[in-house]
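Following this line, the structures themselves.
Next come two complexes built around chain A: one with chain B, the other with chain C.
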Partner chain A sequence: MSDVLVSARGLEVHFPVRSVGLRRTGGGVLRAVDGVDLDIHRGETVGLVGESGCGKSTLGNALLRLVPPTGGRITFDGSDVTALDRRGLKEMRRRAGMVFQDPFASLDPRRTVAQTVAEPLEVHKLRSGRRERAARVGELLEMVGLDPAVASRYPHEFSGGQRQRVGIARALAGEPDFLVCDEAIASLDVSVQAQVLNLLRRLQRQLGLTLLFISHDLSAVRHLSDRIAVMYLGRVVEVGPAATVASDPQMPYTQALLSAVPVPHPARERARQRIVLRGDVPSPSAVPSGCRFRTRCPYVFEPCPDVDPALQPAGAPGQLAACHLHGVVGIPVADDTPEGVTTTPTS
Partner chain B sequence: MTAPVLEVDDLRVQLRTPRGTAHVVNGLSYSVGPGETVAVVGESGSGKSVSVLALLGLLPQRVATVSGRALLQGEDLLSMPPERLRQVRGPGAGMVFQDPMTSLNPVLTVGRQIVEGLRAHADVNAAAARRRAAELLGEVGLPDPERALDRYPHELSGGMRQRVVIAIALSNSPALLIADEATTALDVTVQAQIIDLVERLQTDHGTGVIWITHDLGVVAGIADRVLVMYGGRCVEDGTVDDVLERPAHPYTRGLLGSLPDLAAPVGPGGEVPDLTTVPGLPPPPTDLPAGCVFWPRCPVRGDARCETEQPPLVQVGSGRSGHFGRELPHRAATWCSEEVR
Partner chain C sequence: MTGQPLPEPAPSPTATDAGIPSTQRAARPRWRETLGLLARNPAAAVSGALLLLIVLVAVFDEALAPTGPNEISVEDRLQPPSLEHPFGTDDLGRDIFSRVILGAAVSLRVGFLAVAVALVIGSLIGLLAGFYGRWVDDVLMRIMDMLFAFPAVLLAIAVLAVRGPGSGNTALAIGIVYIPVFARVTRASVLGVREEVYVRASRSVGASDLRLLTRHVLPNAAPPIIVQTSISLAFAVLAEAALSFLGLGTQPPNPSWGLMLAEGRGFIDIAWWLAFFPGMAIFLTVLCFNLLGDGLRDVLDPRQRTLMAGGAR
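Let's turn to the complex of A and B:
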């Protein structure tokens, strides 16, 4: 049994962009996910960070085949996700769950908590009989810190934090191996966020879950994750152990991103050198050539527009960064043959 | 000593709701000096947004009862006739809301919206107002301001829209700028740009700023003073260093403890310790507890008075003098702090 549970290789999710309005100026392609390589190991928590529009949610959805990939490969526990038939896909849906951002929109307002949490049990025929299912629902609610007595209540009777717990209970109902949490704490108040973060960590340990924790909140990601992957414009540009990525980032984008995270310590805030990036993120339908970060990078130099950088070892063991500062490794833009990988040793 | 831009005294707001009267703001007093930034911190339902909406007369009159006093440059906002309040809203106080998409009109160009604000408060012709609008957009760092004037809000990114809203708020050089979760919807890198911008404009124009947020990291970076709200009351206030580094109220301590730290030290096993949390939920404003508003969730409650008697806001540390020669005491409303006992 391989150590890697979920793996993406050269994963692409491109959406056709239809032109709108009176002047139909040819449709383009929106590269939401554009060549992602990522391995998620059994039992680990990978934090996926990046700014809005970087493709992190699309990547999470693609890994669960909630959106069809347009290129590349995804494997889940060794089998090719894109090639699954109906039965295979259903089994995968049981083994891989999702916790959504908005606990108000992701729960059916006309169903009781018990109905919502029991649905996966029915779909996957995990518990037969009403009584057994009810017992399992109670168990799941207890696991996420809710009183089993709330099972007969409706979502509107709950606060945001409690709804999110219901969402987690539903995701756990199929006894999954893998859980994607997409901005699962973003809509919650600070003190409630902490409760849900602690809960996720406890469940992850208790059940040996593998988590992909998608968030724009770097502090929360750093807190929960074993490893952090940083996305920019559809590509994972840095990945590595959480502590080292947070303290010693190797990719200029990660450095800027981290420097912009405000910390609740006035003295540290005043002393901090904030790297303010120029301009906005380019549109994912017009990705710059070569390194996609070059239009905003403070260190841009000759190879950046010409060679699309590949992830390469940088910094601490296990840390990878896609940046020419660590040696020019990647695929030259002008070259049509993908084998044209140039390598120059780091000086 | 300079006179404060805004002086709020015993502000109270009640809202009539189907579930009964909601006591949303219950006796709030603070002041903002010129060039000073006061951060108002609290979770949803703490009354932080309603407290500033009440100042500018933006609450629906049919359901809201507002009392107290709020002097903006010496003039009471709360007893002002509506026409006067309209005049004050531009040059007196500008406001930036959380969501720039809903605070801009989607069917008008950015230029029209800025010009409208300018011409409502000053006697300028259209051409001059347009020139000024372009200047303002340049000032808030929008690339190619002349062209941006003719664009519609949906053509701009979130950060650019928020810059437009700030440009509108600043178009009449207000003495007071109120930012209500102005950067919450934005990415951290854009947030950093907006904060830089507001700080620069504040230095240039001497604007007093009320910055409402739940993000204590942002507070640490921008605030001179902090006011922590809970259950419609101020439970702690003081300089940013006092409140964030030496919090006295159990709620403030709980909030700070529940924040994950980006630079948290790692244990030998690579373990980051669990976050301390504030158990439970804030009380609904329709049903505030008697006594200390925080006692049902308080980890250190124990004083006999907690459940029955409301603790007054009293000084807990040494007073500090601020930028403007003003005494800036550190105060907390709790029966449980060492200093109070």
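Let's turn to the complex of A and C:
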């Protein structure tokens, strides 16, 4: 049994873009996820950060095959997720859960809390009989800090924080190993965010969960995560131990993200240099050639437009960055060479 | 692993989050809440009650009708409304009151049957087309478009021409005409619901398509379908009357409101009651189904629902 629970290799999720007009063909592709390499180890918490629209949710959904990948490979506990049959997929979805961003949209308004939380139990036949299921639902509700008496209520009777707890209880009902939390606290009141965050950390420890914690806010995940992966325009561009990525980023994009975070120390805050990026994020349907960050990078030099950088060791041990400043490694832009030819082996 | 309850004491919800619902009322089943809200809309409530009465009359028609439908009494021909014959008599001396009561059974049976056919087949088609999209949607909805392209009466007449006249075939004919209507309403509603996060959430825990469709998509897509059912019942009763009026629906001497209206038309100058009472019956029933449909539309809209429930508290 390998130490890696979830792994993505060259993962792509491309959406067809319908051109305006009557014809469905002729549109381009939107590269929501475009060649992601990511390993998530058993029991660790990986924080996935990046600006809104960079493909974090799509990546999280693709890992559970809620969005079909258009390329690359995903393995879950050693088995190929893209090749799973119906039964395999069902079992995989028992072992991997998801907590969604908007707790007002993620609960079926016509089903009681009990019905929602019991759904995985019914789907996977985890408890036989009404009594046992009801008991397990009560247990799950207690686990997320809700009174089991609320089981017969409907979602509209609850606050955002409480709804999110119900969503977490549902995600845990199948006794999963892996949980994707997609901006799970982003839409909650600030006062409630810390409570739900603490709940997730407690559950992660107590249940030995492996967590992918998605957030657009680097500062929100640095204390929670063992490792941080930074995403830009559909690609993981830096990954490494949370402490080093957050204190000594090796990729200019991460440096820029970090420089936007205020430091809670007056002298250091004054000394903090803001790296303001040029221009806007390019559209995921028109990804720049070579390094996708080059249109905004302050350090751009000659290999950047020509070679698509691969993740390579940079900075602290275990830290990887996709940047030519650490040596030109990657896939040259197809000119006359066929696409996909690698000059330097990517690790 | 996760099977054991956690040792850490769970904080009570009131202590953790703000905004705990203060009312401790037990959750009522949704349909009872719906009925409660519907009762606050006077037009819908009165319509519902009246429809219930009409349905009861139709069910107990033979017990309620003073005479049989075809009891001819030559000396009582064309009598105006009186105590003995509240709605008068027709040209054969038959009691119109009895025939209106017995006609309720025929008209409503055809209406319900027709809508049942359209609802079951149309909604299933719309559900599959909306949920699966792509070629399933293309194929199914193209067929619906073809069906829809025929003028309704022409299509019904064609069905009756093939299958022969009579109440059962009339119901089938009207039902077929309304299949595309239900398919479209259902599809449109499903298109909105299938993108909901809670559908994806349910998929994420391993729910099958069948489960998604029956537990999440259909219940949440139902309100417009329920409204359409009520409104279509009105149309179906009217359509039955029209087809019977044209001589294609219910056949004499069976009483149906539409047929009675047609038969009474010739006497409109000398005996208005022949056409008036069956006409009123049609008018009232159709109006009630429409008002009930409008009421349901308001009550079943979730936003409207919150407003109404909040205001009433």
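Rule of thumb we're sticking to: the second predicted complex is superposed on the first by the 317 of 347 C-alpha atoms of A that agree within 3 Å, B and C clash if a C-alpha of one lies under 4 Å from a C-alpha of the other, contacts with A are read in each partner's own complex, and residues count from 1 in each chain.
Just so we're on the same page, a residue touches a chain if its C-beta (ideal position, glycine included) is under 8 Å from a C-beta of that chain, and two chains touch if they have at least 3 such contacts.
Fair warning: this is a prediction, and the values are worked out from it, not measured in the lab.
Within the superposed three-chain model, A:Arg222 lies in touch with chain B and out of touch with chain C [touch as defined at top]. By the touch criterion defined above, A:Ser191 lies against chain B and chain C together after alignment on the C-alpha atoms of chain A.
By the touch criterion defined above, A:Gly161 reaches both chain B and chain C.
By the touch criterion defined above, A:Arg42 reaches neither chain B nor chain C.
Once the two complexes are laid over each other on the shared chain, residue contacts for A:Arg73 go to neither chain B nor chain C.
Of the two partner chains placed around the shared chain by superposition, neither chain B nor chain C is touched by A:His326. Once chain A of one complex is fitted onto chain A of the other, the partner contacts of A:Arg127 are absent, as it touches neither chain B nor chain C. Residues 159, 161, 189, 191-192, 195 of chain A touch chain B in one complex and chain C in the other.
Those residues of chain C that touch chain A in the shared complex are 1-3, 5-6, 8, 10-13, 16-21, 26-27, 30, 196-198, 200-208, 211, 215-216, 219-220, 302, 306.
Those residues of chain B whose C-beta lies close enough to touch chain A in the complex are 43-44, 143, 157-160, 187-193, 196, 214-221, 240-241, 244-245, 254-264, 266, 270, 272, 274-279, 281-282. Partner chain C is touched in their complex by these residues of chain A: 61, 64, 66, 89-91, 93-94, 97-98, 100, 102, 105-112, 119-120, 123-124, 139, 142-147, 150, 152-154, 156-159, 161-162, 165, 167, 170-176, 189, 191-192, 195, 202, 206-208.
Residue ranges of chain A in contact with chain B, taken from their complex: 51-52, 159, 161, 189-195, 197-198, 201, 216-220, 222-224, 226, 241, 243, 246-247, 256-270, 274, 276-277, 279-280.
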